[in-house]
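Here is the structure we will look at.
By letter and in written order, the chains are A, B, C and D; residue numbering begins at 1 in each of them.
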Amino acid sequence: MIELITAPIDTDAVLRRVASPEAGAIVLFLGTTRRFSDGRETASLDYECFAEMARGKMAELEAEARRRWPLVGCAIVHRVGHLELGEASVAVAVSTPHRQSAFEAGQWLIDTLKEVVPIWKKENWTDGASGWVHPGLEVPQTKAI
Amino acid sequence: MIELITAPIDTDAVLRRVASPEAGAIVLFLGTTRRFSDGRETASLDYECFAEMARGKMAELEAEARRRWPLVGCAIVHRVGHLELGEASVAVAVSTPHRQSAFEAGQWLIDTLKEVVPIWKKENWTDGASGWVHPGLEVPQTKAI
Amino acid sequence: MKVNIRLFAVARELAGRDSIALDVSPGTTIGQLRARLAAEIPDLAPVLPHVLFAVGSEYARDDQPISDGSQIACIPPVSGG
Amino acid sequence: MKVNIRLFAVARELAGRDSIALDVSPGTTIGQLRARLAAEIPDLAPVLPHVLFAVGSEYARDDQPISDGSQIACIPPVSGG
């Protein structure tokens, strides 16, 4: 299951989606918006995406994970738009017969998602400034009005 | 949070328990009852525990995990009694500032729980027989009445 | 001295009871208790070489001496999770 | 030939627009488009060496030639998850 949504992530629905009597293990990863990054305090975040390509890349990740591990269920849900502190921006859930492959697949999926899926986050700091996060790139910051 | 319960595990409550604006990552592991083990079909399971010691060992696991990784939240919930197929017998959830330590701590906790916590499961097979699972031990099976 | 030994899972079922109280001489070790249990409950004998024992809530080694009134548990290989 | 380039995140904000349509000669590569964009939108120049391009929904190398009507996207370093 691949989803790109603006509503809060329904983790229960994600877990139900991968649960199966054929699976003995479920691993769920949630990425949540953290208050402090590099000593600076975040008030909220905005996520932007290139939707068609993001969905395509997420589907490729699921297909590749299914080639590498014996996944019973797999769900990748990314939220975009405005997120408050502490909310989940991404959920990755996998179910497998045995737990080792669930941990491996879950970690590979989130690691690879963060490298290849065209989604970007903008931090809105408590000091009123905001800036896009583009790893490896010095980004000019925008003062909030 | 350490819990030994007979009611179904409330995964939403477990996740709320570890969620925090100081954490950027949550990893939840669920162990679920699988239909087939070693080619034999399971109908249901019964879990028995030595409650006082199990709680003590689970608390030690949490304390040791907190020494090894920068955990913000940690929850270990084990269900005992009668479980139907597909239900979760154990939930382990951790939250950390960054995801690598959440995956490591989550996997270490469930791996170690399965080695040291005095809880036992009995498989009730669809052929009417049942037997305790004691790794490394040939266990006599009991025919169901 | 008196010790009480709780039995779990297959040990409980083989013994047909969930605990047993034994009189042992002072200085008896866990290892000696293991042998004594096999003599007291012959049905337990096949599994006793494979079980661990706990004193209170801590796993105990075979050379550990038992104190009077110890709460002891017979722990077959665990399978939780 | 006509190509349309979508801009995202900091590229969109620096350019003040979310896409740009350009006329390019047949055989133009992604690498040449990268240089052309810097000339068309000078505010984008500082980030262009660090972005990737996609044709349709696939990442493209700098030596890839562009076809007429290609849907191209300018992809700054991603930060989802």
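FYI, contacts are C-beta pairs under 8 Å (C-beta built on N, C-alpha and C of every residue); 3 or more make two chains touch, one makes a residue touch a chain.
Since the model is a prediction, treat every value here as computed from it, not as a measurement.
Colleague: What are the chains that chain B and chain C both touch?
Modeller: The common neighbours do not exist; no chain touches both.
Colleague: Which chains contact both chain A and chain C?
Modeller: B
Colleague: Using C-alpha centres only, name the chain that sits farthest from chain A.
Modeller: C
Colleague: When the centre of a chain is set as the mean of its C-alpha atoms, what distance in Å lies between chain A and chain B?
Modeller: Centre-to-centre distance between chain A and chain B: 25 Å.
Colleague: Taking the mean of the CA coordinates per chain, how far is chain C from chain D in Å?
Modeller: The mean C-alpha positions of chain C and chain D differ by 73 Å.
Colleague: Nearest whole angstrom, what separates the Cα centre of chain B from the Cα centre of chain D?
Modeller: About 50 Å separates the centre of chain B from that of chain D.
Colleague: For chain B, which residues are shared contacts with two or more other chains?
Modeller: Residues 31, 110.
Colleague: Would you mind listing the residues of chain D that make contact with two or more other chains?
Modeller: Touching at least two other chains: none.
Colleague: Strictly by the criterion at the top, what is the full list of touching chain pairs?
Modeller: Inter-chain contacts occur between A-B, A-D, B-C.
Colleague: If we count contacts the way the header does, which residues on chain A are in touch with chain B in the complex?
Modeller: Contact set of chain A toward chain B: 11-12, 15, 19-36, 85-86, 88, 95, 97, 99, 102-103, 106-107, 110.
Colleague: For chain A, which residues are in contact with chain D within the complex?
Modeller: 31, 47-50, 52-54, 56-57, 78, 89-90, 110, 113-122, 132-137, 139-140, 142
Colleague: In their complex, what parts of chain D are in touch with chain A?
Modeller: 6, 8-10, 12-14, 47, 50, 54, 56-59, 73, 75-81
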